[in-house]
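Below is one structure, written out as C-alpha cells; the observations come after it.
A, B, C and D label the chains in the order they appear, each numbered from 1.
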C-alpha cells in the first residue's frame, strides 16, 4: 500500500479506536457496527466492480449464506462460533464458484440480472428451507473466541472495525500486487489480458470468491451480533443498497467503499427527524449526491485535497 | 386435467402481461441510451394510482381519466429526464442506473406522501361475468390487459418503423454519433424515450390495477420482473421482452401449479439463468449486437 | 517451428480463410500480406487462440495448439500485438509491461493480500525486468504515464514491449507500422530485426507497408480472399504475377 | 462546488439536530414505540402509530399519569430487523424509556428479545408469533398483546369441525406473518381431525393467485384458508370469487378491516374470518365488558383519522394502555412495571380481548377473544 493510503489508514485506525469514547452509548455504537458490517461487504463489492469490472446485484445472497450457515451450525451443533463463521465463508465461496462459472460468459446488464437472479434464488431458498422459514430464528450465540464472549456493543464495535481494518489492508495489498494489476487489466481489455497469459476466467472466479467471502464474513458477524436472523435482511433491496454504498463512496477506491457504507448506513438514522418524509428526503439526497459527486465522495475529496496542494504550491 | 392446465396458463398470462409491458418500457429507454431505467416499475404504480385519483376521486369519465393519467405520467418522466439524466454525461452507465434507483426511491416517497400506504382499486373496464373456456375461468379484465399489451407492441412497432421520429430514435440507438451527424437531435430522442416508456408503464398500471390492486411500493417488484423479461428476450428487442414477460409469467404459474408455489420465483429465475448460460444475449438477442453495446 | 495446416474459418457463411497452409521456421521473420479482407488478422487470431479454426490445425513446436484458449497459447510462448491497439488504458506504461510478466510470476490472492516476503521480492523482479524492456523500446521516460495518453507510435512500441515481457518464442505483430511516420517505421524495422537476432525470436508479421515487409522479412505469404496466393522470398513475391494482379491499383507495390 | 457545500451543510445540520436532546417541560414518563410505519409491514405500523399518537394526546389532556405527562417516542423500523435493533438501542440509551411497545412484526420482535433481556426493560410486542413469548422463562421481559396464531387457527378449525369440514387447502404469504400462520395451521390440523390437502405459497406483491386456488380445488379441498395481510388477501378473495370455487374462503385475523371489504367489493361476500371484537363492537351485547372501550376507541380514531383502526391499531392500544396502567400503579420502575404486567393484568379488558397474564403466559389471550365473522351485504356479521 502506498504512503498516502498508509497515512489514511493510521488516521482511520485512530478514529476507530477513539470512537467508542466519543460516541458512547450502544445506539451510536450499533450504528457503527452495522456501518462496519456493511463496509466489509462493500469492500469486496468494490474490488469486484471497481477493479475487476464485474457488476453484482446478488451480494446480499452471499451475505445471507454467511449469516445462515454460521448461525444454523452454531445453533444446531453448538460448534465454536469461529468454526461456524469459517464454514459460512466456505459455503459462500462454493456458491461464488457456482455463480461465477456461468457468469463468465455474461457482461453488463446480463451479468447484473444473472447475479440478481442468484441473490433472489438464495432468498427463496432461505424462505423455503432456511431454519425458521420466513419468520427466521433467534437465540444465536454471541461471537466468542478462546472462551471470551464478545457481547457488549463497544467490544463488538472493535471486533467489527478491526476486521474491516485488516480486510482493508489485505485488500490494498492485493490490489497493489500482480493480481490487482491483472484485475484492472481485464477491466480494460479481456482479449489482450488473455493474449498476455492472464487467465481472465480464473481471475474472475477468484474475485467473485473473494467478494463472497467478505460478504459471508460480514453476514456471520451480523448473525452473531443481532442473534436473530430472517431472510428479509438478505433481500434484493439490500444488494441494491450495497451497490449504492460503493457508488456513493466512489467505486474505484476501497476507502470509497468504507465511506459509502458509513454514509448510507448513518443517513437514515439522521433522517429520522423527518419521520414519514424520510424516504422522500433520502431519495432526494441520494439523487443529488449521485448527480453532483459523480465519481463518488472519496475521489472527490482526493481531488479537492490535490487541488489545494496544487494551489498552495503555486 | 386440461382445465387445470388452462387455468394455470391464464394465471400466467395475467401476471406475464404486466412484466411484458414493463420489459417493453425498459427496452424503449435502453435502445436510446443503453440505460436500464430502474424507476420503470414506479411508472406502472403512477399509472394505477393516478387513474384511481382521476376516475374514483375526481369522478372524471373513464377515457378522460386514462388520457390524463398517461399524459401526467409522461410529464413526470419528462421532468425526471430533464432534471437527472440530461445534465449528466452519458459515459458512466452504472452511475446513471444508480440515479434511476435513487429517483425510484424519490418517486416512491412522493407516492406514499400523496396516496399513503393503502392499496387502491377501481372497477374493471367492463363489468360482467368472467368467460369460461374449457372449464377454465378468465376474467374480462385479464383479456383487456392482454389486449392492451399487444396493442402497445403493435403501436410501438409502427411508431419505430413507420414514423420519421420513430426511425430517428432507432438511428440514435444504433449509432448516436452518426445520428447526430445526420442532424438528429439525440438529446430530444432520449427525452422522448423516457416519456414514451413512462406512458407504456402507466398504461400497464391502468389496465392491471382492477385485477391486482395498486399500492405505492409495488414498483421494485415490477421493475425486477420486467428487467428479467427484457433480459430473457434479449435487450434491445421490444418484441423479445414481451415474449420474455409472458414466458416468465407462465413459468411462474406452471411452477406454482406443478412443482411448488413456494418455489415459483426461484424456478423462473433458474430457467432464466440457464438460458443466459447457453444464450448469453437472451433468447432473441444477437451476440454481435451485444458486443457493439457499451454495457 | 510453427506449422499452419489447412486452416479454414468462416463467419456467418462467408469464408474468411480457406485451406491455408504454410510454415514459419525458427528465428525467421515471416510476413503475411494481402489486400484488405484477405484474412490476415483472422489468421493471427486463430494462431493466438482468439478464434478457434473451423478446420485444420496449428502446430507449434510439435504440439497442436489450435483449439486451445488464448491464455494457454500465450503460456506456450506465443505473444502478440493488435491491429487496433489493445493496451490497458487505465494502467500506466510500466504497469502495461508488468502485465506481460504476470504469467511468469505466481503470487496468489492470499499471498498477495498477506504480503508474504516472496511477494515483495517477486514484485521487485517484475518491475526491474519491465523497466529493462521499457529501456529497450525507449519508453522508460514515460513509465508512470497512463497508457491511454501515448501517441500512436509509442502505443505500438508499448504493445511490443508488453508482448516481449511474456518472454515469447513466437511474436505475432499485427500491422505494427500502421499509423507510424516514416522515421518511426524505419526505426521499427531496425528494432524488429534486432529482436530476431538478439532475442532469437520467431516473428510473424502482418503488414501493409511493403517497404517494411520487403526490408525485414525472411519469407512472405500472400493471402487473397482467404486463400494462399503465393509464398516465397521477398524478391520472388515482388515479381509474382498473381500478387501484382491482386494488388493492382494498390499504390504500395 | 456550491452544491457540495450546501449538502455538507445539510449533513452537519442533520447531525447536530440528532444530538440535541428533546427539551421537556415537567419530567415526562418516556415510553418507546417501534412500529413498521413504512416498508412491507406498514399495514400494521400505520394504525399502530396513529393509535399511539391519539392515546398520548388523550392521556396528557387528562393530566397524564399522576401528574406526569407521557411521552411516547415512536421509531419507524421500516419493517426491517436491523432497523428495529437500532431503534431499540436508541430508545434505551438516548431516550432512556421505561418500556417499549411494538415492534409490529414477529421477526423484529424476536430480534429485540436478547436486547430487552439485557437491558432489563419490558417489551410489549404488537406481533402475534408464539416464539416472541415462548419459552416464557427465556422471555422474562417480553409480553405481547395480539392473540397467538394458534388461537386464531383453533377458532377457525373449531368452526370448521362444527360445519363438518375435514379437508382444507391452505395458502399463506411467504413472509413471517404467513409463515407463522402456516406452522400453526399444520400443527393443529390433526387435533381437529382436519387434513391439509394442499399447502400453497405466494409472494407479498403477487398479483394473481388463481393458480394456487386451482390447485386447492383440484386437490379436493372443502374449504380454503388464506393467511396474509395487505392487498394479497383482497386479490385472493377476488380470484376465489372469479373462479367460483364452490367452497368457503376463510381468512386470518388480518382480514379485520372494512377497507378489505371495500376493495374486494362483492367478491368479499361470504368470506369468513376469526376477528377480534374491535371490528364488530357495534354487534356486541351492551353488557359485554369490552363494548364501551371498543366503542370509544373506534369512534375517537375514526373522528381523528377518517378511517377505522382495525385489529392492528388495537394491538398498539392494548400494549400502550397496559404499560400506562402499570406505571400509574407502580411508578417509573422497569422491574415493577414488568411484575405488574405479569401478575396484575387479569380479567383486563382490552381491544383484543380479556387479558389474563401470568408467569406461564405472557400473552393472556385465547381463542375466546375472537368471533367468527362473515361478510354479508358489505358488512360484518357474527356467526353463532
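Here, contacts are C-beta pairs under 8 Å (C-beta built on N, C-alpha and C of every residue); 3 or more make two chains touch, one makes a residue touch a chain.
Nothing here was measured: the structure is a model prediction, and the numbers come from that model.
Student: What are the mutual neighbours of chain A and chain D in this structure?
Tutor: B
Student: Select, from B-D and A-B, the pair of chains that is joined by more C-beta pairs in contact.
Tutor: By the number of C-beta pairs in contact, the winner is A-B.
Student: Work out the mean Cα position per chain and let me know which chain is farthest from chain B.
Tutor: C
Student: Hey, how far is the Cα centre of chain C from the one of chain D, in Å?
Tutor: 72
Student: Using CA atom averages as chain centres, what separation in Å is found between chain B and chain D?
Tutor: 35
Student: Distance between chain A and chain B based on Cα centroids, please, to the nearest Å.
Tutor: Taking the mean C-alpha position of each chain, the two centres sit 31 Å apart.
Student: Which whole number of Å gives the spacing of the CA centres of chain A and chain C?
Tutor: Taking the mean C-alpha position of each chain, the two centres sit 41 Å apart.
Student: Residues of chain C that touch two or more other chains: which are they?
Tutor: Within chain C, no residue touches at least two other chains.
Student: At which residue positions does chain D touch at least two other chains?
Tutor: Residues 38, 174, 201 of chain D touch two or more partner chains.
Student: Multi-chain contacts in chain A: which residues touch at least two other chains?
Tutor: 127-128, 276, 279
Student: Among the chains present, which pairs are found to touch?
Tutor: So, checking each combination of chains, I get A-B, A-C, A-D, B-D as the touching pairs.
Student: Would you pull the chain A residues touching chain B in the complex into a rising list?
Tutor: Listed in rising order, the residues of chain A that touch chain B are 49, 55, 102, 105-110, 112-114, 116-118, 120-121, 124-125, 127-128, 236-237, 240, 243-244, 247, 251, 276-277, 279-284, 286-287, 290-291, 294.
Student: Across the complex, what residues on chain B touch chain A?
Tutor: 30, 36, 84, 87-88, 92-95, 98-99, 101-110, 112-113, 220, 224, 227-228, 231, 235, 262-263, 265-266, 269-270, 272-273, 276-277, 280-282, 290, 293, 295
Student: Along chain D, where are the residues that touch chain B in the complex?
Tutor: Contacts found on chain D: 38-40, 42-43, 46, 171, 174, 200-203, 205-212, 214-215, 218, 230-231, 234-235, 238, 242-244, 259, 263, 265.
Student: For chain C, which residues are in contact with chain A within the complex?
Tutor: Of all residues in chain C, those touching chain A are 48-50, 69-71, 74-75, 79-80, 82, 86-91, 95, 98-103, 105, 107-109, 112-115, 119, 122-123, 126, 162-163, 166.
Student: Can you check the complex and tell me which residues of chain A touch chain C?
Tutor: Contacts found on chain A: 170-171, 173-174, 177-182, 184-185, 187-189, 191-201, 206, 210.
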